[in-house]
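Handing you a structure now.
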Amino acid sequence: MHDKYMLLATCKDKVGITSLITSTIAQYNSNILHLDHFTEYDNKNDTEGNLYLRFEFEKVDGVKAALETELASHNITYELFDSSVKTKIALFVSKEDHAFNEVLLRVQREEIPAEIVCVVSNHENNRHFAESFNIPFYYVPSNEEKPVVEQKILDICAKHDTELIVLAKYMQILSDNFVNHYEHKIINIHHSFLPSFIGANPYKQAWERGVKLVGATGHYVTSDLDEGPIIDQDVIRINHRYNVQDLRKTGRHVESQVLAQAVEYHVLHKVIVTTGNKTIVFA
Amino acid sequence: MHDKYMLLATCKDKVGITSLITSTIAQYNSNILHLDHFTEYDNKNDTEGNLYLRFEFEKVDGVKAALETELASHNITYELFDSSVKTKIALFVSKEDHAFNEVLLRVQREEIPAEIVCVVSNHENNRHFAESFNIPFYYVPSNEEKPVVEQKILDICAKHDTELIVLAKYMQILSDNFVNHYEHKIINIHHSFLPSFIGANPYKQAWERGVKLVGATGHYVTSDLDEGPIIDQDVIRINHRYNVQDLRKTGRHVESQVLAQAVEYHVLHKVIVTTGNKTIVFA
Amino acid sequence: MHDKYMLLATCKDKVGITSLITSTIAQYNSNILHLDHFTEYDNKNDTEGNLYLRFEFEKVDGVKAALETELASHNITYELFDSSVKTKIALFVSKEDHAFNEVLLRVQREEIPAEIVCVVSNHENNRHFAESFNIPFYYVPSNEEKPVVEQKILDICAKHDTELIVLAKYMQILSDNFVNHYEHKIINIHHSFLPSFIGANPYKQAWERGVKLVGATGHYVTSDLDEGPIIDQDVIRINHRYNVQDLRKTGRHVESQVLAQAVEYHVLHKVIVTTGNKTIVFA
Amino acid sequence: MHDKYMLLATCKDKVGITSLITSTIAQYNSNILHLDHFTEYDNKNDTEGNLYLRFEFEKVDGVKAALETELASHNITYELFDSSVKTKIALFVSKEDHAFNEVLLRVQREEIPAEIVCVVSNHENNRHFAESFNIPFYYVPSNEEKPVVEQKILDICAKHDTELIVLAKYMQILSDNFVNHYEHKIINIHHSFLPSFIGANPYKQAWERGVKLVGATGHYVTSDLDEGPIIDQDVIRINHRYNVQDLRKTGRHVESQVLAQAVEYHVLHKVIVTTGNKTIVFA
């Protein structure tokens, strides 16, 4: 494959935007490899919509600068990525290792084209696994004031030029301050049920309710919401023979798969967070 | 296939129950075709469990009476069904016809081995479909006091010896009094999402939240809970291109399938409601 | 929603095609509502690829004619549809009614935005259902020479300006001659298993082999292949308790859902058949 | 949980077998925790069926010996397991590590209650991972005559008292002689598609055919069949944007999950292979 650029762009929908971008790309003789164009209008109000765009196009001299000028002059919010540059991930984990193992191994196998630059944990038990792949492991216990702990972690992330934080069952709540440093750049996984169970011990609640599906939701972390924009979800079917431990085990399996998938979508630059706080995933 | 009996039985778990039942059946030279035996102990307390049993065994002279005597003398709650006798269903529907059509057609095709004895609706629009299959259709509008309306419906159900009421998108809330007449004999379907959305216009809420799965839950209706014991659940994957109408459409598809499946499980006598208000489905 | 045009276009991939189309549309002040752009290169040979495009854009005076001139002059294969015009479907069915019912009812509910212009069958049993919706039903028995029978059917289809033939369990093999009249305009459904079973009684074979999933494939019918381009597939999980009849029943359920979905994709003009005889489904 | 016994039993179906077993267990005051009873009659011939039984019951002094005497005297084929004794697994792997990693990590997390006694590989690349968990790793290259190589491997397996061989993408074909040493004690995983593709490069074939689902089948290895009894299957949905590499990646994900699930079913003694060469999985 040739090197390519990936463009994610958002603006108020109006006539001519896509024509503008495609003609700029064409002027530089760069071929468009993929293009997803999605407009969303509020259900009630048909007059004001948003346009979400994703392009993959050949890396040709000059096209990037020209495009950036064009996008800026039209007030289009965008991110532009080079396919040869891998996203730098800081992987956060507490004790449970399932989601952590899955993400780390998929990156190792190059199934997720990213680089894990460090592992941060409030437990020591996953050090060995991380270090066996020569990934720096930072033990940051939660025994100090949260601002102190979080500053240490922010320093570690900064030191490694972290671009994405993946919470692979990191069981500490991040402060608004922390989250604001990485807006829409922190991915988390949590259990999901139909119907959902809020509060302590959701698997126990789900077992008592006799649910037939166990699910997981991968989402961005935001400061002002319990849950941020959903990236991916999946379920596994269970039956009455599953006890609470079996539900937890099944939950781990679906969590691992969904988190890894969500991370893959992100590092392939397939996700746009909308103004309405949900995601467009050009899967 | 030979005619057979189906037995659903529940009691406190103790040594010897299954031995007792199987030896009684064997004494009459009746062969057991299926046997599901499930014990459930509370997670905390290991000393007191419940036993749930389902048997299918050949219909042989004398075995039924002997078994009933045995079960009664040991304080076992049970239901005993004859496979040659079809469950009589009253199908309730409002305007939307998707779940109604699906259940009715599966019964017509003998995919669900039951008999639809009547259709009850607060709208006229589904009369034609019901009557084209020679099923009595009762229009019972909701323009009177609820007790009056419900008494009319109870009379209709009684007249047709109704054994199971299926709410195929019947958009009227049934009173406790009504529900108590058909304990664990009313099946309903409702939408389900991960995470779930309570209140008005759940599909709009789900769309705004950007969910990636649309689901449905088939359950028994109970008087003292918002939702009774879950019989079956399923989901269909969606993406950001689905607008609110598309979500509703997808919801209808999964609702139809799940309701029909739940009804099938019930009329095959595969479902036991536990003391803990959930179901054991020997699927 | 405003009326809109849908464009499906295919050509050799080269720089500038999308720019050309989008700028033509923009010139007429028509807004693009959706745009899917997909290029596919042979895995080995990176130099020659194909471009597949789907546009939805506002219906504005003049844009259609201008676009058609442009597309023709650049040797682009295309189809251009008006969203206000429904696809005319001839629904073919033999005895089994499940897929036939599902497609017909989804069209009635406007879940599938199409018009069923006639039903053709080699059996009489589905006449009543079709006619209860005022759809013309043609009984064309298979007791004559195939060319004679097929000519009758072609005449019926022509009389109703049929644009799409849906084989909803129509158990007659269509000749190459017939298929050539409706290239990529005939959709069929067939069972699918992992692993697949060829020859007589596939459900018996699947049962003997103990498969855990029952599937279905919706595809276009082509003359030169056993199976044409796949539009959609799905599976339902089963277990050892399912006998051969249960497998058939499950097969019917998944067939109905997959066929209806495939038809919906087609009439929403979301499917392009590639030169390599597979489909691009912009789902 | 108390220790318990698991019994898998198979015999010609006749009246009284389950009564016999349950009364023997009850005599020793052992409580039955689970009981699955399944009879299967040939579809055509109703007179000769097979009975498949699975019991879990409390480990009480004397019950095991009494039961074994009883089972033997009635010509019942059986296996009796003690829940406190973990199955000893030899894990075979070639170069690709995904299924190997998944099974090994699930065993480490005690999600699969088994013991991996050794890893056998014809490549060195997975040595580090195995040894980091203190599991003996044997490099047995394929550069000698197959009988010589296989004898080495059989010796390794014997040395470790191997009870189950798991082929986690072990890309060597095992001889009939080898397979006969471990009848229904070797589990393999292979890709599955609807429709299936035989021969070289199935993912390329599947891509060319435009399949919409990628699947995997976990099965026992037998000498006289291409594929032995199926234990589990699953699929993942894909779309036209997946190239051949993406199909392979998706195939790896579903292979890992299905293999791990199949191994779990086996070591929980939930699988019986029937005389008809398929499985009963009491899942």
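Order of writing sets the labels: A, B, C and D. Residues in every chain begin at 1.
Methods note: contacts are C-beta pairs under 8 Å (C-beta built on N, C-alpha and C of every residue); 3 or more make two chains touch, one makes a residue touch a chain.
Since the model is a prediction, treat every value here as computed from it, not as a measurement.
Chain centre most remote from that of chain D: C (centre = mean of CA atoms). Taking A-C and A-D together, the pair of chains sharing more C-beta contacts is A-C. One finds 36 Å separating the Cα centroids of chain A and chain D. The multi-chain contact residues of chain C, meaning those touching 2 or more other chains, are 34, 38, 239, 241, 283. Taken as a graph of touching chains, this assembly is complete, with every chain in contact with every other. Residues of chain C that touch chain B in their complex: 34, 97-98, 101, 105, 109, 111, 128-129, 132, 239, 241, 249, 252-253, 257, 283. Contact residues on chain C toward chain A in their complex (touch as defined above): 1, 13-16, 18-19, 22-23, 25-26, 29-39, 46, 237.
On the chain A side of its complex with chain B, the touching residues are 38, 40, 43, 192-196, 204, 207-213, 215, 217, 227, 229-230, 232-235, 239-241, 243-244, 274, 276-281, 283.
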